[in-house]
Structures are given as structure tokens and as C-alpha cells.
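Notes for the one structure printed next.
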Amino acid sequence: MPVYKRTYRNYDGAYVPRFRWWLVVKQEFRVLGKYRIFLALMLVAQLHTLVRFLQILAYDVIMQDPNNILTPLLSQVDFIVVNQRMFYEYVQLQAPLLLVFMLYAGSGMICNDFRNNLMEVYFSKPIRWRDYVAGKLLALILLGLSITALPAVILVVLHNILLPSWELLQASWWWPLSLLAFSLLLVVPCALATLASSALLRSQGFAAVSVFMVLSINSSMGVILARLLYNRDYLLVSFPATLYRLGQELFDVPGYRFQSDWRWSMAFVAVVCVVSLAAIVRTVRRAEIAA
Amino acid sequence: MTTTTKSAFDEALLRRHENRPKRISYLGYVGVSMSLALIILLRRQRLLMAAIIALLPVTIPAATAYLSESEFADYGSQIFVHLVEQLHINVLAPLLALFFATMQVGEDVESNTLVYMQTRPTPRSAWVLGRYLAYLVVTSLLLVVSIVLTFIASTSLPGIGINPSDVMLLAHYCGVALLAVMAYGALALLLGAATRRPIVYGVLLLYGWQGLASAVPGVVDFLTIKKYTDALLPVLATQRQNFSMETELGTFQKQVFLVDGISALATLFVATALFLAYSIYCVRQREFASSRAIGN
Amino acid sequence: MSGAILEAKGLSKWFGEIVALNNVELEIAPGVTGLLGPNGAGKSTFMKLALGLYQPSRGYVRVLGESPRNNPRILERIGYCPEIDHFYENMTGFEFVYHMNRHWGMGRKDATAAAERAIERVQLRERMDDPIDEYSKGMRQRIKIAQALACEADLLLLDEPMTGLDPQGREEMFHLVRTLGDEGYSVIISSHILYEVERVTDNVVLIYGGAVLASGRVAEIRDLLDDHPRTIRIDTPEVRALAALFAGDDHVLSLECGEEKLTLRTRDASAAFDRLNRLALDADAPRITGITCSDDDLQSVFDYLVG
């Protein structure tokens, strides 16, 4: 019977101890990029950006020119004004599409790995649960930001280029920060909730519909409760309303204006994030131990 | 050598043909498909989750009874009407349809178990109808129980007595909810049979499109299920000017283009039949594994 | 019915730009037939076409004399064990086979009896009431075969049925397939492992790159390939001396000396065997302890055909 040498065999490949989560991110983008429907959704998501681009063009170029024949016509339209409210509304209107994106891209991220026994493949490599979770989460966050903060910041820059003035710069320097913060407020809980659902359920379809179901019923309950009790503070129950309310605080635009402190809204978001993260970590760590 | 001679093969063929059990009727196939779907549904924890969500509206009458600080006008059966229309019929019915019906075929596609069904001599239509009926039973039960409990909570918590007209109202709403479950379910089933990401398309269609078409002035809302379920409500929703955001033109047009009860009922049944027929066609014609093979 | 249990004419299937099966002309006779080819050769696509799961892009396939697509008459006579390892969740082995029988169209009693018989046959009776989720890979494989067997089908299509089975399980499966063949069932069994197919039948169809390379008995296929050199491995302690004897022969194409082993490639196997027989009888010649003509197995046939 032959006795095989059990000495260490050197691995020729380069081992990268840091940024291992980036491999997971790249893998997710590679997989998503293969689906034509995903690319089509990306394109649809930018249609709104195109409309806002035209709005900025109309406001910055046409309306600033008193001799232009379209100026009197455009000045009749209230919502053409480019200000912080416009940017808040831009991100707010992207939110439903963001949810669709998250459900499309995120609902299968973990459960499909379980289904296809990829957890064992991931954890047989020098990837730990932290890298795995961070990679998946980051992939979704980057995806979310690519249809919210990124185009919005580009629009802000464009607005400043088309209408260069010190006053505008002074007035708008904080817009990108607010845009990023509001986008993160929308994207992070949504990504975490989707991933948590994907970790807890073994079906991509059910993971997607569960997130949507909970969000939808929560939103409706909040609205109905507020209406029946004639008290807007009950909108706090609605998670989307809570997020929009925080966005309004960030952009300083009047809107829901609950009586309750904004910190309550922030606490609600934090609880959702922590609970979701705990669910993801628990499931993934179990898988790592099993692998 | 394992190749059987022709005569031995024919002999075995004949023997097996004689021993083969007699196949059940078409309705039997529907029943078999339905019973398997029910077993799958009832053994999942997801059902518990759906039940909890379906029963959430029951908590609202309790909340209004105990949390209200203002002298609000809506109470008792009015709260019930708001809840059934705003939550049960327009939110829960499509949600439960998405939750259960899309996955009736969709889950078999997703989990690769469809191949077992496709290689059985079950008529495809019987299989689809059985699945749909299983969805209908479970969802209808959940929704009707939720509506009845909401009714009880709305009337008994504030100490309002139940009179016969209220019971008629309850029966009416249960009927409309069942029709909504029927139509939304058929559409969701179709999405599960025709697409690979039925939930995403369902969200886009039932919430994106339906929400948009209901808000936009014009006749586009004729292409939504909501238009017809609303038309069947005890008092036409469009005449009651509830909380939806509508332009003057939109309100005007909606009042002009009303749908009467009979037409709405007929439309819901026809739409359901069409959705189901197309679902059956998809299950017969689609090559489910091949679409996965080429990554669509 | 014609002699063939399965007949394909010009059968082609493509998915977008991918050609999975190309112009397959084939007739499969009753009995056990091995569908052999490497992964991605088109075996599963062929089986799915035979089951009617796919519509042929061109040509046709007839099973038991009829087109199988959406044809309950044919589907009731086919049992299929898929390659995929997926089941309904929260179901026991018995329940799975029972429900599959019910979907075949059996009544409750028939479905129960047939399920028990089939499970018995794959030797899973003791574990039939356990959830499938708790089954080992081999048991899952067996329960899939049980659902295919349960409906007394005339034709069994077994897609990679040996996957995941341990050596004993494989032996049992080989035995089962051979027994089914002896009982008059027609079985088409696909595999990419040559040894598995050889163990159950010598009747094979070789598929590669979506095309049928050859079909028939292994020996017949080999005879068609006489132009190809054959390899003979000779076990001897005197390798160099034996090699020197063969070195001058015209039919010898190459000689390879190993440790107590000489590998000879010849264009005339008969001449080589004659020579070996004479040497074996000659007391002065190097001692020959074993002769293996490795080309008789499917691997070499397959290697020749694939090039």
C-alpha cells in the first residue's frame, strides 16, 4: 500500500489577505451583469435621471435667458425650479424602483448560495463570514447608490456647471452630502432587509415577496392608523414614511413634519437594520461552521 | 447481454399493459394536484407568516378604540369599511396573491421540481387548475377570517351592536374580497408560469402599474383589476372621494367612466379565465429548463 | 410498433446560439441502452426531448411510436429519473413516490401499493417514512429511481442514476438495471462514466458535442475502427528483452517500456496476438505474466471517435 507524502504543498497563486469581500462583490456584479432584464431595469432607472437632466437644462439654460421664447411658458410651471426639494424628490421617486432593484438583485443572493451549495465553496476559500456578508451587502448598497446618490450628485454638479455662481455653490455645497445620506438611509435598510429575508428563506421568490409584503402592509397600516386617528404621528409606524421624513429633515423641506422627535424615526431605522443584520450574521455564521 | 429480444419485450409490454392501473378522471387529476399543493402550502412556516400579516388589520380597530385621543368621526362599521376597502381588498388580496399564487408554478420552476410534474401524464390544465384551487382555498380562508375578525373587532370593541344590515355589509365585502383574490391570483399564477422573476414583475404590475393607472386621469385604469373590484364595493369607491390623490380632471373622468356591477363581475370572471388559460398555455409550451440553460 | 422503442430523425435542438443537439439520427431497440458522453455532450437534452420537455428545433423524436410532447398516452409509459437532486420540501420518501403516483393517475390504493413496491425494489423500505431532507445523496438517488419505477413504465429514462451512490449502492443499481432489462423493460441510462455503462449493457450510443458518434454494441463499434491502431499491454519482468523481439515487426507502431510492463501499439492486432501466443509457448522467450488489450473497453472506443 503506497504511503503518500503529507508535506505542505505550496500554492502558487497570490493570496490577498485584505479586501476579500471585494471578490464577493465582483462575483455578484458578474452574475447580475449576465441578465439582460437587469440591464434593462438599470436603463429604466435612469429614465427619471434623464427627465431631471432635461429639467435642469430647461431651468439653467432656457429660464435664465429672458429673451428665450420658452421662458414665459416654463416660468408658469412650479415644479421646474431646481432646488434642494427637487433633489429630495428625485431620490424619493427613485425609492420604489430601488425596492424593485433590491428585490431583483438581493432576494436570491444568499438563498441561492444555500440552494446551490455555494456556501461550502465560499467558505472552503479563505473567505470568512464577515467577508461574505460585507461583500453581499456592499454589492447591494453600491447597486442602490448607482440609481440614487450617484446620478443625483452628477445632476448637482451639472447644475453648478450650467449655472456657475458663488451663491449657488454656497447654497448647494451640502446637497451632495444630503443626497448621499438620504440615499444611504433608503438603500442600507432595504438591502439589509432583503438579505435577511434571503438568509432566512430558501426560495428567492418567497424572499422577495416576504420583504415586499411586510413593507407594504406596514406602510398601509401606518397610513390607515394615522387617518383613522387623525394624528400624523402614527405615520411613524410606516417604515417608508419614516425614511421620507428623515429625508425631509436632511433636505430641510416641509413634508410630514411629525410632532415626534426625528430621533424616534432614526431609532426605528436602526432597529430594522440591527435585526436584519443579526438574522444575516446568524445564518451565515452557521453555514460557515457547517462548511 | 442485456438487450431483450423483440418477442420477450412485446410479451412484457403486454403484461405491463394489463397490470397497469386505470387512470383517474380529469377532475381526479385536479384534485390530486390541489391536494399536493395544499400539503406543500400547509407544511410551510410561510403560511404562519402570511396568516399573521393577514390578521394584522384586526389590530387597528383595537388601536382606534384604545389609542384615539381625538373625537374622530369614523368608528364601528365605518372603520370596518375603511379597513376592508383600503387594506383587505386593495392591499392584502394582491399581496396574498403575490405570496401564494405566483409561487404555485413559480416555486416548481425555481426549485426544479417541475420536471416531475411535466413527465407525468397529468393533463397540464388539470395540474394548473389544481394549483390555483389550492391557492384559492388557503387565501380565501385567510382573508375571510381576517375580514370577519376585523368586523367583530370594529363593532364589539367600541360596544356597537351588530345589526342585520351590517352582516349583509360583511357578506358583501367578503364576496368582493373573494373576487379580488380570484382575479389577482389568476394574474399572479400567470406571472409565475410565464416569467422567471414573477415577484418582481408582480410588484411592478400590481403596485407600479395599478397605482399609476389608478392615479392618472383617463381610461387607463380600465386595465387594472382594482377598477372592477372597486366597482363592486357597496358604495362605488369613486363616488366616495377617499384619500387617493386625484386631479379634478381625473375625478371627473372616473365618474364618467364608471363600471356597473354586472360588467365588473363579468370582467373579473373573464379576466380570471383568460389568465388561467394563458397560464395553462405557458405550462404546456414553455421549456422551463431551457430558459435556465441560456440564462434568461 | 416498429422494432425501435425510440426513433430520432434529424433531431436538433438549440438554445439561442448554443447548439445542444445536432441532426441526430438514431433508433434505439428495446432493452438496456447506455447513453454515453462527457458532460455537456447533449445526453440530458436528448432525454428531455425524448420526454417531450423540449420541442425539437428541427427534426423529430418518436417514443414508442408517438411524439412525446404533451402526450399523456406516451408519458404514462415512461418513467424518468432526472439528474437534478431536488424534491418537495418536508416530504418523506414514501409521500414523494405516492404523490408522484397520484399525479400519474393512480387511485389512492394503487398509488400506495405501487409506492411500497417501488421503494422495496430500491431497498429503501426501512427509511421510507423519513423526510427526504434527511436522506443521504445515495438514498435520494434511489428514491428518484423508485418514483420512475413505480408506474410500471415500458421505457425508463435514467439520467445519471449512479451519481452519488457508494460502491455498494452502485453494484445494487447495476444489478437493478440489468434485472429490469431481463424483465423486459427498456432502459436508457445516461452516464459520462464508461465503466458504469459497461456494467449494465454492451449496447451504447456515444454522444459528443451534440452529435451521435456511434451506436451499437461496443464490440461492433470497435470492429468499425480497424484502421485505428490498438494498444496491448503486456506484463513481463523482462521488458527490454520482449521489446527487442517486437522492435523489428512491421505491424508495430510504437513500444513503450514501463516497470514490468510493455505497451505495444499495433496496426494489426491479430498479428500481435499470434506473436504473443508463440512467445508464451516458447520456453526461451521472455516470460509473459499478463496481456491486456485496453482498446476493448469503451474508453478507447470513445477516445478514437472523439479524436
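Annotations
For reference, chains read A, B and C in written order, and residue numbers begin at 1 within each chain.
The definition used in the following text is that a residue touches a chain if its C-beta (ideal position, glycine included) is under 8 Å from a C-beta of that chain, and two chains touch if they have at least 3 such contacts.
The structure presented is a predicted model; accordingly, all values stated were derived computationally and were not measured.
When C-beta pairs in contact are tallied for every pair of chains, the largest tally goes to B-C.
Chain centres here are C-alpha means, and the one lying farthest from chain A is C. Work out the mean CA point of chain A and of chain C, and you get 51 Å between them.
Our note on geometry: chain A versus chain B, Cα centroid distance of 30 Å, whole angstroms.
For the pair chain B and chain C, the distance between C-alpha centroids works out to 46 Å. In chain B, the residues that reach two or more other chains under the touch definition are 111. In chain C, the residues that reach two or more other chains under the touch definition are 89. Counting only residues that touch two or more partner chains, chain A has none.
Residues 34-37, 96, 99-100, 103-104, 107, 115, 201, 203-206, 208-210, 212-214, 216-217, 220-221, 223-225, 227-231, 234 of chain A are the ones that touch chain B when the two sit in their complex.
Put simply, chain B touches chain C in their complex at residues 1-4, 6, 8-9, 11-13, 15-16, 19-24, 28-29, 32-33, 35-36, 39-40, 43-44, 111-113, 115-124, 127, 284-285, 287, 289-290, 293-294.
The residues of chain C lying in touch with chain B in their complex are 3, 15-16, 18, 20, 29-33, 48, 51-55, 70, 72-73, 75-76, 78, 80, 82, 84, 86-91, 95, 99-100, 102-107, 110, 114, 147, 151-154, 178, 181-186, 200-203. Per the touch definition, chain B reaches chain A in the complex via residues 46, 49-50, 53, 56-57, 60, 63-64, 67-70, 72, 74, 79, 82-83, 86-87, 91-92, 95, 98-99, 102-103, 106-107, 110-111, 192, 197-200, 202-204, 207-208, 243, 295-296.
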